[in-house]
Amino acid sequence: MARNLHRVLTPANTRSRRGADESRLTQWILIGIAAIFVGLFLVLPLVSMFYEAFRKGPGAYISALTQENTLDSIRYTLTIAVLVVPLNALFGLAAAWALTRFQFRGKALLTTLIDLPFAISPVVVGVMLIALFGYQGWLGPWLRAHDLKVVFALPGMVLATVFVTFPFVARELIPMMQSQGTEPEQAALTLGASGWQVFWHVTLPSIKWALLYGLILTTARAMGEFGAVFVVSNRIAGEMPIPLWVDNLNADHRGSEAFAVASLLAFLALGTLALKAWLESRHQEEEAAGLWTTSSPVINSGESETAFTTQTPP
Amino acid sequence: MKQYCKTRRLLPGFRLTLGFTLFYLSVVVLIPMSAMILRGSGMGWGGFWKYVLDPRAIAAYKLSLVASMTAALLNVLFGTLLAWVLVRYTFPGRRLMDALVDVPFALPTAVAGLTLGNLYGPQGWIGQWLAPMGIAGVNSRFGVVIALMFVSLPFVVRTVQPVLETFEQEVEEAAATLGAGRWRTFFRVVLPTLLPSIITGFALAFARALGEFGSIQFVSGSIPFRTEIAPQILIQHLDEHETAGAIAVALFLLIISFLILGTINLIETWARRFQN
Amino acid sequence: MTWIMARIVRAGLFGSLLLGAMFGISCTDPQRVSLLNVSFDPTREFFGEINAAFQKNWTATNATTLRIQQSHGGSAKQARAVIDGLDADVVTLALGHDIDRIAAETGILPRDWQQRLPNRSTPYTSTVVFMVRKGNPKRILNWPDLVRSGVQVITPNPKSSGGARWNYLAAYGWARRQPGGDDRSAREFVARIFRNVPVLDSGARGATVTFLQRGIGDVLLTWESEAHQALSHAEGLSGEIVTPSESIVAEPPVAVIDRNARKHGVLPLAECYLRFLYTEEAQMIAARHHFRPQLENAAMKAGVHFPPIVRFSLAEICGDWQAAHAAHFATGGWFDQIQSQRKP
Amino acid sequence: MSIELRHISKRFGDITAVRNISFTVGEGELVGLLGPSGGGKTTVLRMIAGLETPTEGDLFVRGRRMNDVPVQTRNIGFVFQGYALFKTMTVFDNIAFGLRIQKQQPADIAARVEELAKTLGLEGLERRFPHQLSGGQRQRVAIARALAPKPNVLLLDEPFGAVDAKIRQELREWLVQLHDELNITTVFVTHDQEEAMEVSNRILIFSRGNLEQLGSPREVYEQPRNEFVARFIGVMNVLEMTVSGGIARLGGLSFPAHGHSEGQTLRIGFRPYAVQVSKSPNEYRHQAILKHTYFLGIMLRLELETPDGLVVRARMSKEDYARLKLEDGMSVSFQIREYRVLAREGEILTPEVSLSQPTVLGEGI
């Protein structure tokens, strides 16, 4: 709220704040540099990708997307996402609840552990899974005896994707739940609500935005993951998630098809951003209406907000 | 003590949620990690160091470090500028620019790699201008830095931006009333306030760049001693059927990850204290 | 309000879990037989056609549907995947050494696998040729041209790519077979070539992409089949194939992974599939993909002309794969030494 | 007896929040727990509610031992300081929450909510969300929500803390009225002594985990048991004096100190209203300069400085001030009509109340 106001009240070119503002020229030079940078660095890649994807006309584009292997890879990616997202949502909710509602020893360690996928190279994740589930790995003999496949099969890719994406929901929820405090939950308890009732009726409705953001980020990341699944994929056409299929098409000199399929992921990314922006604007409307400002003093927000949550400001 | 714990756990679900969290982390993280450590320990220190300290691997770590550092530093420069422009100025397209900053975060890295590889390649829209200047846009360290910059840009912008937003302009006005010019105000008043967030943003961008693999796979060309980054050494070992080598390097990278995570935590703690 | 919402969220969560479970269960259709062929990079198009032909024959005589799955990647990497659990029924890799390793490390196929099919289990061969830029501006005609200064050579990494090992050994063999050539001079020759290599992709396909799409390098060392494949598919990009005076016989062998195939109940099918590769029909397909067929007149029948070339075999220049691997490609071998010399 | 605490202590780790406290609250009483922050009053309230568990001691509500009864089944109404309204629910849903938990019939729920809305003046607001309400309305919703399941006791944590000064006054009167109407046992926590005095039947004063005094507002004001209470309730002048020859002295001021040993340090306290001021420098025994006058509405506070540099605060009505025609900087005389010897902080002994009429020792008129 205060943020918005601040922004509204301090447009760059109000005369009254001249003393603390750059000259118009400096402003426009800085804006210009930023615009050129964004244009060259962020816009041009997107434009060139769509150009490459559509270079051979919409017919070729459609046929690239509707060939059996592409459809299979889309199906495969969706399967992974459908398995990964609910699991990570459950994990995020449980972790956020445990970390924001209780004090216990080892809490800091647990928090660090949740951040681990941000610092670790996804390729290392793949190697870990091979070390555990590969037939020469720890569980290998047992898996082989029971004819179970984990790496180089769907479960391995799901696990790899889970590893890479599990912090997103938790990371969105933790600051939110911390800032909201536990008073409404205590109030529900005094009114006789059980634990589950508190969660469903009081906690969940008040964190729905953060949860949604987390889910969106998780979905986007799960669908776009490359490094970890690169290591554990069986490279069978039709059993590759979309990013690997792009890599495969590119290697097969099917450049424009690769770009066509890549553009699908780019649409997904842009869609994610648009959806997030839309949700944020809805959220902020409600916030502006005062629904989300805590009426009680903020209990604590000791956790600094990590940039991974990429808060898009208004 | 027992009483103490009991009373603190007024809200239900402690065992359930913590139990599930730990179970999940165990299955997903801890057990695979220990499997890897166990398998790594099988090779002994000699085997471990042989792979980890292989000259080619060392060259790759160096490139990873230097390129990530360079990318993060460049992002500090451009990211801070972007944050500044986005927060302080109103101009047409500001919201669009703001939204675009998140693109590298949302765009799968394989797509980023494919596109950047094409764009900076000798026939690409940018590459064709670089080639006459003798700059190879792809299969070069330049390309690696570009890709790392691309993937880590949002981290700096999104760390600096909120701090800049809550920054009280009165402070700047105070400096102005005391006769400080714009530049002096920026460097003496604004920058020191932003510094903790800039450093945090730098650390996050650096960590992100260090772990990046997808886009690099498309642009680096994996030239040993020149454009190979650390995760590629690992892939190389896997490709060469050297699982032990892959595990040794993976362990090493894991240790580095933990060190970086610890450092980031320290930096954030420090930054928070500084800000308070 | 919230009571309703809570219910919706709950239903949604359970629903998506259920959906996930459904997706996770792969449909097993008893009427459908499937076979997994784990192969190396440059055989994608070739096996695409082989599989179609084999399937056609299959459906003519069987009621069940046959589905052949292909997995492609660097040869060594594919071998490792099979060792680590990739359920291949047959492997068709770039070199015998990779299949040897599967046999040695897991025992899922016998060590003498190479004796089970004709021609040491090699239904078709290839050879290493050069691909140059349109008009051959650097005038690269034979092996010595590769060591000229200013010539950039593109080849994948022999440590990971089976194709690249043949490239390496072709260069080595050529130098060794020169008058006065011996192991030392040949090693030196290879080292000089690799000094001219700016990029080492991990697989043959990556190297082709680097050369054709990214326009890096003056000459690409590649298999004859891959060179033709690339030129016919790479849209709007052009190059020329130069056949050197001498080159190696590249032998990509095939094998049934007995244990997997038996487990899947497709052992006879897998054997049948590999034997099909030796039929005239398959040999003609191989010829059309510029793999040199073992069947003598298959090339002629397919209407494909292979330029004449003197081909030497691996056995002639360094014995068997065991020896070649130990001398050149193992950790600390000659290739590693060349690489560390490159260290700036 | 509605609520009874017997030797209740509460420790959080090494910190003792509440130390060995016993008291009872009668059926239908309105009791205020008063004290500075950190005094332990909120902890006591939360223990009654079941939001905290006592480390030691026993807690009874309507004769039943409650220590191990979970908060859900205690049947208490709790109003949080920040109200803790469910911001995703309407006023109706907020009030109905506890009834729905009890699985009451929708018709009964609607009737009960309507009844409470009427009682609390919330009619017409049922469809609104908390953010669409004023501070006072929010508080009434919070109270209605707490009252809906017909609790045995109503507990309020700083009920007036979050509203601005003007509404506060109304709310206080309204709370008293509501209590009269419903006659439900009510315990509330406040740090504002005025508020506690005005609203409660009885006050419990807490400091540093101890129950310092318990009594009617009048009792604690007029007969504070120790210096802490005396200082906390209202303004008090406190002087630290040394006894010599049966007289406690500080500068020109002296008080009889019978029964205190020679050389002992005594703390003497007197309320500003006990200080009589005259314009005539000789009317009373002590001389001083009127340093400053504070206008507090109908009352004025005068700050007097004696020649020894002691500052004494006095209180005077506007009428008297006007009658005396006082101005800052004037020389005045004053006398102290009532004073008391204060127990040291932490001591729980009742000091002897010394009311001296007309007062101060010696030759004074």
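Should a chain be cited, it is by its letter among A, B, C and D, assigned in written order, with residues numbered from 1 in that chain.
Note that in this section a contact is a pair of C-beta atoms (placed from the backbone, for glycine too) under 8 Å apart; a residue touches a chain by one contact, two chains touch by 3 or more.
What you are looking at is a predicted structure, and each value in this text was computed from that prediction instead of being measured.
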| item | value |
| --- | --- |
| Intersection of the contact lists for chain A and chain B | C, D |
| Longest centre-to-centre distance from chain B, chain (CA-based) | D |
| Closest chain to the centre of mass proxy, which here is the mean CA position | A |
| Inter-chain pair with the most contacting C-beta pairs | A-B |
| Approximate Å spacing (C-alpha centroids) for the pair chain A, chain D | 52 |
| Centre distance in Å when chain A and chain C are each reduced to the mean of their C-alpha atoms | 37 |
| Separation of mean Cα positions, chain D and chain C [Å, integer] | 87 |
| Interchain centroid distance [CA atoms averaged], chain B/chain D, Å | 56 |
| Contacts with 2+ other chains: residues of chain B | 10, 235, 238, 243 |
| Overlap residues in chain C, where contacts from two or more other chains coincide | 2-3, 84, 203, 213 |
| Touching two or more other chains - residues of chain D | 51, 71, 86, 88-89 |
| List of chain A residues in touch with chain B within their complex | 2-3, 6-7, 10-13, 17, 19-23, 26-27, 30-31, 33-35, 37-38, 40-46, 48-49, 52, 87, 90-91, 93-95, 97-98, 101-104, 110, 112-116, 118-125, 127-134, 136-139, 159, 162-163, 166, 182, 185-186, 189, 194-195, 198-199, 220, 223-227, 230-231, 242-244, 246-247, 250, 255, 258-259, 262, 265-266, 268-270, 272-273, 276-277, 304-308, 310-313 |
| Chain D-touching residues of chain B, taken from the complex the two chains share | 3-4, 6-7, 10 |
| Chain D-facing residues of chain A, complex | 183-184, 186-194, 197, 201-202, 205-206, 208, 289-297 |
| Residues of chain B touching chain C in the complex | 55-56, 59, 117, 121-123, 136, 138-139, 221-227, 235-236, 238-243, 245 |
| Partner chain C, residues of chain A touching it in the complex | 78-79, 82-83, 85-86, 89-90, 130, 133-137, 140, 143-144, 147, 149-154, 200-201, 204-205, 208, 234-239, 248, 250-256 |
